[in-house]
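Got some structures for you, see below.
The two complexes that follow have chain A in common; it is paired with chain B in the first and with chain C in the second.
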Partner chain A sequence: MRLELGKVFIKDMQFSDQTMVKDGTLYINKQELLNAISGDDRIQHIELDIAKPGEATRIMPVKDVIEPRVKVEGPGGIFPGVLNKADVVGSGKTNVLKGAAVVTTGKIVGFQEGIIDMSGIGAEYTPFSKTCNLVITCTPIDKLQQHEHEQAIRFIGLKAANYLGEAARNVNPDETKVYETLPFAEGIKQYPDLPKVAYVYMLQTQGLLHDTYVYGVDAKKIIPTIIYPTEVMDGAILSGNCVSACDKNPTYNHCNNPVIEDLYERHGKDYNFVGVIITNENITLMEKERSSNWTAKLAEFLSLDAVIISEEGFGNPDTDLMMNCKKISAKGIKTVLITDEYAGRDGASQSLADADKAADAVVTAGNANEVIELPAMKKIIGYTEPADTIAGGFAGSLRPDGSIVAELQVITGATSELGFNKLSAAQL
Partner chain B sequence: MVKEIERAGIPVVHICTIVPISLTVGANRIVPAVAIPHPLGNPTLSKDDEKKLRRGIVEKALKALQTEVHGQTVFDK
Partner chain C sequence: MIKIVHYINQFFAGIGGEEKADIKPELREGIVGPGMALKAAVGNEAEIVATVICGDSYFNENLETAIKEILEMVKKYNPDLFIAGPAFNAGRYGVACGTICKEVQDKLGIPAVTGMYIENPGADIFKKDVYILSTANAATGMRQAVPAMAKLALKIVKKEAIGTPAEDGYLPRGIRKNLFREERGSKRAVNMLVAKLKGESFETEYPMPDFDRVAPNQPVLDIAKAKIALVTSGGIVPKHNPHRIESSSASKFGKYDIAGVMDLTEEAYETAHGGYDPVYANLDADRVLPVDVLRDMEKEGVIGELHRYFYTTVGNGTSVANSKKYAAEIAQELIKDGVQAVILTST
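Showing the complex of A and B:
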């Protein structure tokens, strides 16, 4: 499966009377966009804003971040099984508005939502302070149930990204990158002397607003399976998560998964990157046992030499991570884990809820309990009141002057376990 | 909490959904629970069946409390 990813670089975003890309600026017809995303009677009002890097703007509570993409050639459309038919995506050509993002906010859905600051210290901690953001503030009707609210906002965000992505359809990309994964048997023959490496991609699926979708399927209901890495770039996996903001994977991060990018970068040089195993993080021990048995079985079936395993979220998923590690290692396959830490505000506590001797190569994306101070911002998109109640906040997090003191956990994407940020740690 | 209470000389049964975490933390008597969002119940059962399930877990825990153990023990029978 071969995908050409055409990057159209976006350096500015403005409302205008026509939606188009010109000289690196994404112009957006506000009314046309509103028409494209309106119509859900569970939402009584939608407000559109633009937030640019460097502005004194705070967006919160952030639910999801989505990158506008469009399929230019090849089967299917972006977000298959959700906005488009369930065609197999990941081949042909896709154009992406690199540097633009859709951010969804509004009244809080679940307690685990995040903050994006466009300037100041908070901006250093989130990758989405560097993108030009089309921010959608949704006001639900009264007494809307949380899961309905979540679904309504999720679809509005996806539709907005889909609408904006269309602006890239007839634009010549500034840069094109080609990604290719051969069918397994051919792939093995391509680089017979290189170690066969796959990526075990753990998806947050605990339910109750902690959900991820694969081709529209609620991933808590899948048994682990194999997916071409380029399918992920076309939006085959998307987030319906209200999990701690720092280490959930927004839809943007799925499409831009750095583990996949880097494995492709070293494919044919250091490794033979044979593909991706997706698995879930469920809520009973039996489900955890079953899914980790399957990842190990698939890793063995693919005759792998090594895997990289990334976690999403923390707490009981640490057990899924350890089970995957232990069972895959027991097959004689090397493992490297990517996680983050909840090591207490002083960093002295046990970092993960679970551990195993087999986990002897672990990369961290930072300590989510670290306390940070965010200065007041001139402009607020959304509501600051949830600062005291979102995961990572506490009574008194929101100060009278508008500044916020809270754990790093509150920042969207701060400790991305896909490595989609800058934080990590080194052993001294 | 399990470890600190035991350190004070009082035996503890840890009723816990994700047994491996309990083992990692160092509990000695572990009784498996139902699921993370509802460790001691199951909203998909009828009220009568759920009561049976709940009583079963409590009785198992009480029995575990009275059972002598040598090292970490999971009461999953």
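Showing the complex of A and C:
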């Protein structure tokens, strides 16, 4: 499967009377976009804003971040099984508005959701302070249940990204990158002497508001399976969660999965990157055993020599991470893990809720309990009141002057366990 | 001028070896033994006002008395800084240095620093509590150890930022600190993978801790007579969360009276937990904290009684160290109240 990813670089975003890309600026017709995303009677009002890098703007509580993409050639459309038919995606040509993002916010869904600061210290921790963001603030109807609320907003975000992505359809990309993974047997023949490597991609599936979708299927109902890395780039996997926002993968991160990108970089040189095993993080012991048995079985089936395993979330999924590591290692397959840490505000606690001696090669994305002070911002998109109650906040997090003191947990994407950032932690 | 009290053993004080290891603590004005090198190292910034000497056997065999005596001596001088050793690989001396440094820090609030060899038994016990400079395994390393120890100690007393163990020479304390690395995490993972495949050396960013696995207790012999308590990390609290237990990384636990409460209703209870969908817990908190069922069992004589209080916190993102601390406090109260068994519910 071969995908050409055409990047159209976006440096600015403006509302205009026509939606189009011109000289690196994404112009957006507000009304047309509103028409494209409206119609859900669970939402009574939608507000659109633009937030750009460097502005004194705070967006919260953030639910999802999505990159606008469009399929130019090849089967299917972006977000298969959700907005488009369930065709197998990942081949042909896809154009991306690189530097643009859709951010969904609005009334708090639960205790969930995160913060994006476009400038100041908080901006250093979130990847989405570097993108031009089209921010959608949705006001739900009264007494809408949380999971209905989450679903309504999820679809509005995806529709907006789909609408904006169309603007890239007829634009010549500034840069094109080709990714290719051969059918397994051919791939082995291509590099017979290189060690075979795959990526074990753990998806957050702890339940309502903690869900991930694969071709539209709720991933807690899947048995671990194999997909081509390029399918992910066309939106085969998308986020339905925003709980403890620091280490949940927004849809943006799924499409731009850095483990996949970086594994491709050295493919054919240091190893043969044969594919991706996706698995879930369900809540019962039997489900955990079943899924980890299957990842290990698939790793063996593919005759792998080594895998990278990435976690999503913390606590309960730490056990899934360790089970995957232990069982795959027991097959004689080498493992490298990516996680983040909950070592307490003072950093003195054990960081994970589980441990295993097989986990001897671990990359950490930082201690999410570490406390950070976010200065007041001139403009707020959304609501700051939930600062005291979102995961990572505490009584008094929101100060009278509008500044926020809270754990790093509150920042969207700060401790991404896909290894999206440079943040890490070390032993002192 | 920063005032220092220095602690050394009988050997470094020149009193004697093993045969003198039982000498009681004694206080001398000014400098003794390695204090000379320490004085040179701190220069004009600090002054060693007194030296406490104690035999290693005496300290370890009369722990409580020795600590009390030494703390009294230190207190008299009201120093800004306490330095012990360095102890190199001398086991009992190392344990004494670590113990007294921790006591001085905790009881007197005075920063303390010591130095020892990484394999000194005192290093493993105290590295989390006290800055321990990493030294050679024998006193021949004195010339390198003392200036480094002095430098670190002055940094601490002046509240300057302490660098990494590699930068400032102390033994890693197991404290996790955030930093930005050169490459993003995914790239580091790929690099580590390639190193592992090639059999080259690599350094894990998170060494696995010794995991604390708890063996289950003996079963309750007569459940029909047992007083049973409910404890949860599922965040069930009285409506509006009166003590504002955090939705994640809880800094406290709550204790609530359920005398006469037969059922946790939607009007009176909810969850503070931010890690799961709260809809069903809020509709009926018994789903997480089964008061209703236990009341039935109480009535039917299946259990003796349900304890009058339940304890609750939020497990979501709460560090293991904090969880242990809350558990220890809760367990003590439960034992005091004559509770024989606990049902722990998690989410």
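What we mean here is this: the second predicted complex is superposed on the first by the 424 of 428 C-alpha atoms of A that agree within 3 Å, B and C clash if a C-alpha of one lies under 4 Å from a C-alpha of the other, contacts with A are read in each partner's own complex, and residues count from 1 in each chain.
We adopt the following convention: a residue touches a chain if its C-beta (ideal position, glycine included) is under 8 Å from a C-beta of that chain, and two chains touch if they have at least 3 such contacts.
These figures come from a predicted structure and were not determined experimentally.
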{"item": "Superposition on chain A - do chain B and chain C clash or fit", "value": "clash"}
{"item": "First, second, both or neither for A:344, with chain B first and chain C second", "value": "second"}
{"item": "Larger contact residue set on chain A - chain B or chain C", "value": "C"}
{"item": "Touched partner set for A:314, first chain B, second chain C, both or neither", "value": "second"}
{"item": "First, second, both or neither for A:80, with chain B first and chain C second", "value": "neither"}
{"item": "Touched partner set for A:206, first chain B, second chain C, both or neither", "value": "both"}
{"item": "Partner chain in contact with A:355 - chain B first, chain C second, else both or neither", "value": "both"}
{"item": "Touching partner for A:235 - first (chain B), second (chain C), both, neither", "value": "neither"}
{"item": "Partner chain in contact with A:224 - chain B first, chain C second, else both or neither", "value": "neither"}
{"item": "Contacts of A:389 with chain B and chain C, given as first, second, both or neither", "value": "second"}
{"item": "Shared chain A surface residues [contacts with chain B and with chain C]", "value": "206-208, 353-355"}
{"item": "Chain C-facing residues of chain A, complex", "value": "110-112, 145-147, 195, 197, 206-210, 243-244, 258-259, 261-263, 265-266, 270-271, 305-306, 308, 310, 314-315, 334, 336, 338-339, 341-357, 359-370, 388-395, 407-409, 416-428"}
{"item": "Interfacial residue positions of chain B with respect to chain A in the complex", "value": "17-21, 24, 32, 34-37"}
{"item": "Complex interface listing, chain A residues touching chain B", "value": "206-208, 283-285, 288, 316, 318-319, 322-323, 353-355"}
{"item": "Of all residues in chain C, those that touch chain A in their complex", "value": "128, 162, 164-165, 172-190, 192-194, 196-198, 202, 204-209, 211-212, 244, 246-249, 251, 273-279, 315-322"}
